[in-house]
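Paired with chain B in one complex and with chain C in the other, chain A is shared by the two complexes that follow.
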Partner chain A sequence: MTHDPSQAFSLRGVSKAFRYFRLEDLNLELPLGQIMGLVGPNGAGKSTTIRLLMGLIAPEAGTIEVLGHHVPDEVAAAKAGIAFVSDDMRLFGGATLAWHMRFVASIYPEWDESYARMLLKHFNLRAEQGMRGMSRGEQIKALLLLALARRPRLLILDEPTSGLDPVARHELLSELMQIVRDDSRSILFSSHNTQDVERISDQIAFIDRGRLVDARDKESFLERWRRISLDVPAGVTLPRFKDTVDLTLGERLATLTTDRYEPALHGLLEASGARVTDVQRMSLEEIFVASVMRSRAEVQS
Partner chain B sequence: MHSPFVISQNDPRPLYQQVKDQLRHRVAIGVLKPGDEIPSIRQLAADIRVSVITIKRAYLELEMEGVIQTRQGRGSFVSDNAQLGDTMKEQELEGHLRSAVQTALLMNLSEDELIERLREVRRKDPQGRS
Partner chain C sequence: MKSSVFWALVRKDLYVLRGFMLVGTVVGLAALFSMRFGRAGFAIGGILFLTANVASGIFIAMYSLLTERKDHSRLFALSLPISGFKHDLAKLVSGYLSFGIPWTVLTVAGLASFLTPEAAPERGMIIYGLVLQMFVMALFSFVLLWLSIVSSETWAGLMILIANIGFSLFMVTFNQPEIVRPLRTPEINWTPFTVGMFGGELVVIALSVGLAILALSRRRDHI
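Let's look at the complex of A and B:
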């Protein structure tokens, strides 16, 4: 038993096989007070990871700890502190939002009614409206309201922004940042929207085809990647770096992508006779695509 | 802080650099004075919807550069250095000059050519003629 109070959750060596999909040797942890963005293509294993954390499925190998409790053995204790929203959840169509609010408040003692009232305004929702009359976007906002007002210690959101319009997305990101003003509350969210992830995440995890491609804090993530444009005169051979993720050679011009950038690289490249003409930072989206392509190439070789 | 931060994901500078530049600018023009308290890391992160780790990095670097000080348990403040405003402008100019030199090197400009270009820019500026 290794209860670690400084982690919101940890997965160690976790594996789980399905008929057509296998999550392999997943190692991931989120320190308290931080936001983690889980990024991956469709079918990468994001939802499976979340279902494992929620104790909805049991791992075949490895250990999972959430808010200091072993999952799935102590899942009831863990779940008291977790709120979860995914875009395939449904509320009772015949009931109003106010009815759902009373229902959730009756189960969770941490329910914060004044915060719930504030969220109603921020999300532009009406408590007396029936769920059936709400648009899909409004239903997602209602689900988010019910989760946030519980004041969970760990908030897990599966694609929270995908069904939202830009204004609602802005409101949600603001609310998420308000949550981590309290350094004991943490958030895990999965998303295709790398812009949202790049803006508000402290930790970033890339997942593809059931494997963790990379996971680290956002600042060092972005700092390591660069695209270097080079002028390579005839007869010059570029030195080989093991940290080259991609090298595209054209006539005289070359583009080198690296995930271990440091300024000393310029000297090494120029010593070969090439000239560095530009060094670009990469967006999280570009880094994500480059990481996944490399990971797939490694798996195949 | 009275004046709002403007953080854009379409800006070529990384987010932490935008936060640094804007705080530094406030000190340079005197909106923030030595000894003034600046928001806590988590407060500013919530205000401008940018991750805590990004603000943390910006504060840490500003601290190392002597712009701000963090006192354990009491928050972060603009450094008690009366010359700070001028120093900030010095550093701003230094930064611009350095990037001009780097660009000139990429363009294979000689030192004299670079200096001549600078003179030209100054001559063209309405306030630069002397």
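Let's look at the complex of A and C:
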């Protein structure tokens, strides 16, 4: 098998079935040094995708490569360069954070003790505190400290901000922005919070009901999607565009959502007799919802 | 890697389980000591000794495997650079070490008590002690095997129940006068029953280890 050194990871034709859920024919890749936001509703397949990447579960079809290693066959070598933090991950209850720091440092040669001490202060954690005495937010911060101080090549975060208060969430996202200044590191960040994803990601992938809905760089998402408000006089029929994601028609006003916006569209619409009254950029959340609704409609039809 | 992740995980378990190991050993030794003080001391000490042995085994297996799954710290351990199979193998090794260390201390101390001058008339009972302790190890192996391969708490609870029933049946059988009487001699004699029992225990231990390794090596999903 040939390895692509420019990719942090790639999934090709990956499928995995469970009793009530199936991840189907997933194709996804992340270039080195980029941050990918994996966005999807609860139960969409984000955690399954991440667990496949981590070799925690094995695919039924397709190939997975992480940092140049085939997963799950070479999972230990792949994981040497990965740090993984998940919302439902916990540290060992009977030990302190200091013990965990020594434990992780004993495994990873890249462990940066001074950075760990800095993060300890920054996250307002106490090294001698036992895990059982920590709040959920503190546990997540402790996990992040252990993940970041080992200086991983690929950081995988599964819903890391969901247990955090707004201040801690802001601190975490700022820390992530700081890390990616070093362009050899890559991050996969799963969340259903599109604001977090929009803030830090270069690449965005939407996933819903086990299928990849769309994946591209953030700028093309934001540039290509528009909501166009139209004045449609009586008797005028709007032309049908295949790039129309949604069309809402009122008595005289219409709203058209497209994922292939170009200024030339104005001419085509106005040639039909309609008048473009407004063109709005869409937020990532709006784009996400529209993409998912279209995907569900396609699956049903 | 700076150090073997496998052994780091084994050391981690020994650290996390140190409380159970220590309590099991101290209670077991105290129970052995109390057995020197009359019939009541012997009876209470004997029950306490067995309880320390059996309960620490079940607690260690449950805490090491079930609790880690339940509290999701298993996910953290599996994020380390080790394959799922080797991680699970490390759990088996640490399980045997964390139970085996106190068990060895208690077994050696228990068997040594038959070598004292006061125990000379019944020195043959050392075989009783050996078969009993080996049964405790076989029971632990059985519990560890099942807790390694089942993820449902119901199944795990059922297996622990079966292990407890097995232990009770063993004690009732092993304490029959016709089985114990030939052992109450100054000489150390293996009877056909004790040979069969000891051999059976070794087979259960070997089968449990073998089946656990086989089942873990075939597991594709580790979470």
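Simple rule for what comes next: the second predicted complex is superposed on the first by the 301 of 301 C-alpha atoms of A that agree within 3 Å, B and C clash if a C-alpha of one lies under 4 Å from a C-alpha of the other, contacts with A are read in each partner's own complex, and residues count from 1 in each chain.
In the analysis below, contacts are C-beta pairs under 8 Å (C-beta built on N, C-alpha and C of every residue); 3 or more make two chains touch, one makes a residue touch a chain.
Computed from a predicted structure; not experimentally measured.
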Joint occupancy of chain A by chain B and chain C, clash or fit: fit
Touched partner set for A:Arg12, first chain B, second chain C, both or neither: neither
Angle, in degrees and to the nearest 10, that opens at chain A between the C-alpha centres of chain B and chain C: 150
Touched partner set for A:Arg296, first chain B, second chain C, both or neither: neither
Touched partner set for A:Asp217, first chain B, second chain C, both or neither: first
Touched partner set for A:Gly33, first chain B, second chain C, both or neither: first
Partner chain(s) touched by A:His192 [first = chain B, second = chain C, both, neither]: neither
Contacts of A:Met177 with chain B and chain C, given as first, second, both or neither: first
First (chain B), second (chain C), both or neither touched by A:His70: neither
Touch count on chain A, higher of chain B and chain C: C
First, second, both or neither for A:His122, with chain B first and chain C second: neither
Superposed arrangement (fit on chain A Cα atoms) - minimum chain B/chain C Cα distance in Å: 26
Intersection of the chain A residues that touch chain B with those that touch chain C: none
Interface residues, chain C side, partner chain A - complex: 1-3, 5, 8, 12, 15-16, 19, 67, 71-73, 75-76, 78-84, 86, 220-223
Partner chain C, residues of chain A touching it in the complex: 51, 54-58, 72, 75-77, 79-80, 82-84, 86, 88-95, 99, 103, 105-109, 143
Footprint of chain B on chain A - complex, ascending: 33-35, 173-174, 177-178, 180-181, 183, 195, 198-203, 217-219, 222, 276-278, 281
In the complex, chain B residues that touch chain A: 9, 12, 14-16, 42-43, 45-46, 49-54, 57, 106
